[in-house]
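Chains: A, B, C, D, E and F, in written order; residue numbering restarts at 1 for each.
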Amino acid sequence: MKFSIIILGAPYTDEAAETAFRFAQATLKKDHEIYRLFFYHDGVHNASSLMTLPQDEVQPTSRWQQLIEEHQLDAVVCIASALRRGILNKGEARRFSKPADNLLAGFKLAGLGELVDAALQSDKLITFGPCS
Amino acid sequence: MILHTVNKSPYSSQCLSDCLPRVAPGDAVLLIEDGVYGINCAVSLSMTPVNETILRLRETQVRFYVLREDIKARGLDDHLKGSLFKPVDYEGFVDLVGNADKVLSWY
Amino acid sequence: MNQATHNSTDAVSPVSTTKRLLVVCRTAPYGSSLARESLETALAAGAMGINVAMLFIDEGVWQLIDNRDAHHKGHTETGKSHSATISALPIYDVGPLLADKESLSQRGIDLGRLADDAEIIETVQVINILNSYEIVLSF
Amino acid sequence: MILHTVNKSPYSSQCLSDCLPRVAPGDAVLLIEDGVYGINCAVSLSMTPVNETILRLRETQVRFYVLREDIKARGLDDHLKGSLFKPVDYEGFVDLVGNADKVLSWY
Amino acid sequence: MNQATHNSTDAVSPVSTTKRLLVVCRTAPYGSSLARESLETALAAGAMGINVAMLFIDEGVWQLIDNRDAHHKGHTETGKSHSATISALPIYDVGPLLADKESLSQRGIDLGRLADDAEIIETVQVINILNSYEIVLSF
Amino acid sequence: MKFSIIILGAPYTDEAAETAFRFAQATLKKDHEIYRLFFYHDGVHNASSLMTLPQDEVQPTSRWQQLIEEHQLDAVVCIASALRRGILNKGEARRFSKPADNLLAGFKLAGLGELVDAALQSDKLITFGPCS
């Protein structure tokens, strides 16, 4: 079956991203397809290249990156949510004359059309909400 | 058939009590994250109204689950005994989603 | 919403489908951006030609209080209040806007204060509505 | 004397009902952000227990305030009439903090 | 907590004061990082030689369940559970660790499962404690 | 009187930062002193140089920056919270070999000792909590 997963929480601050990651792993383990990961609301922070944790802790962003690369997943970060929360790719940084960009490789910025498309194309759609 | 997930504690949030009246016969309810504190409904007197709703819903073939990993992380393993909630792991969670027509997240 | 100008990379193209989408709103406006994000999702779906309805339950019913002329805090200081966006939803083919009667009465909300397009439904209908739409997204 | 601020709605969170039993005679309570939905306690039947606690605390010289800007943003101006909560603006908020020994934030 | 190694710029020096600090914990562990941040604040104050106590009320009492040996999710996969940090507080001169009796009993928490250093207080004492500390920080 | 203000919420996601900003403005208007602004938990996002909002909207980060500059405020961002949420200054970016830095000028990274110090030195201390 085709699953799509919506992630609304930032790593560390609450558990949504952690639960979503483990759910995604289990989905693939059970031989389902992941049509799309969609990062929305505070979930966009999962795609930050600047998140810095002590080396002996789980690195939530690089863990997503590995899963995305290994399974060639489509990982979309809502562009409107991302800009408002300080997550930019090179193009947006240039367009808005910002001093840097911080979108991790493997993630792409796109609009809410991709969320609607995921809802239409997937057999199963699940949202992991923030603690707020 | 809808799978309802609840990720907030019933002691701090109305999330679970908002969810339950919208559960239809045959639906499933899964407690995750801080939602797993709801497992206590069966043992805590102050949660009686929620508890009664859960008992009534069970008679309409509503199934109640709790994410085992989140119970363990919180040291609530002993609350599983005699609980109305059946523990599932992440693969069980995926199966619950796979078997449902839709998932409704209460957060 | 400024989304059109802000998101120049957000290409929206019409989609052919019979699936209908229900956006379930459970959060109050302003206190969290989730309320705004639920409207943006519905607008995006409407712009793609999807049949999209909204269901306001629990704290979500506060979103329906007509307050278009008020002065607002923070991210609503564009001049566009949450209420103004709500009233624009039908223009973008989003509807119906369903409001749970019990959630309204529990909160002592004067029904005369609601957005024109809000349609009050009986609480027993909520379960049927949740079941009748092919796709459900909750905020 | 403690100023207690509450920023969550009593319809979705236990924040206000957790706060009230910890309010001492002479303290002040200020509703801000989504906390201002608590102004409705006086008009809504379902909030009766909270309402009774507020009435009882008023008899012990506890003062109840609400942030006017947050009431306005939500279109609740008409709920101020006959309310147990007195509206303050941001400068009034600063004065409440200035006059309190400590501020306790309930969120 | 790894704070010492992670925050090399965090210079901590002893302070001379008679003011006492009360850290009020109202959040459950894991669901939000606030629980962890409340402990980090108390540890920082303890390291500076401040007299710092903690008051666990409402959802905060879940933090006191002794669960040091459990396997944990996410940011707790350092091997150090929340419970392990709680049990280390007295070593850093943080204490007493006060737990509200009514919050515990409402949640059906077995008192035998609590951290060794937790001190159960009657609910009527909570107001006195809040008033007796010069500085209060709530999480 | 000396006030210190603790901000635990990110701009946009919830109202804490907005309420704190307006409270800080009113504090200064009433001729009180602000001893320190302390950004903790998700509040660290208030110091992001990459936050990008449509031009016709309030710019929460530059508004803080102006207030800080105009009144020479001490604006401290908790370093542990900042690193974990992807907010870095040049030094930390270099130290952890990260590709960019994104701490706005006017804010500085420091430890929780600065929070404890603010609590001790101020006449009044107020926390603006997140919606979670």
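Just a few scattered comments:
Heads up, the rule we're going with is that a residue touches a chain if its C-beta (ideal position, glycine included) is under 8 Å from a C-beta of that chain, and two chains touch if they have at least 3 such contacts.
These numbers come from a predicted model, not from an experiment.
Chains that touch both chain C and chain F are the following: A, D.
Counting steps between touching chains, the shortest path from chain E to chain F takes 1. Between chain C and chain E, the superposing rotation on Cα atoms measures out at 180°, rounded to the nearest 5. Here the largest set of C-beta contact pairs joins the chains A-F.
As for how the two copies chain A and chain F face one another, over half of their interface residue numbers coincide. We define each chain's centre as the mean of its Cα atoms; on that basis chain B and chain E are separated by 28 Å.
In whole angstrom, the spacing between the mean C-alpha positions of chain B and chain D is 32. With touch defined as above, residues shared between interfaces to two or more other chains in chain A number as follows: 8, 12-15, 19, 22, 41, 53, 83, 125, 127, 129-132. Within chain B, the positions touching two or more other chains are listed as 7-8, 11-12, 14, 18, 33-34, 69-70, 102-103, 105-107. Contacts with at least two other chains are made by residues 6, 30-33, 58, 73, 135, 138 of chain E. Here, these are the chain pairs in contact: A-B, A-C, A-E, A-F, B-C, B-D, B-E, C-D, C-F, D-E, D-F, E-F.
Listing the residues of chain F that touch chain E in their complex gives 6, 8, 40-41, 79-81, 83, 91, 109-113, 115-117, 119-120, 125, 127, 129, 132. The residues of chain C lying in touch with chain F in their complex are 2, 5-6, 30-33, 73-75, 77-79. The touching residues of chain E, counted against chain B in their complex, run 28-32, 58-59, 62, 65-67, 70-73, 76, 81, 83, 106-108, 110, 113. Residues 10, 12-14, 41-42, 45, 48-53, 83-88, 92-93, 96, 98-102, 130-132 of chain F touch chain A in their complex. Put simply, chain B touches chain D in their complex at residues 11-15, 18.
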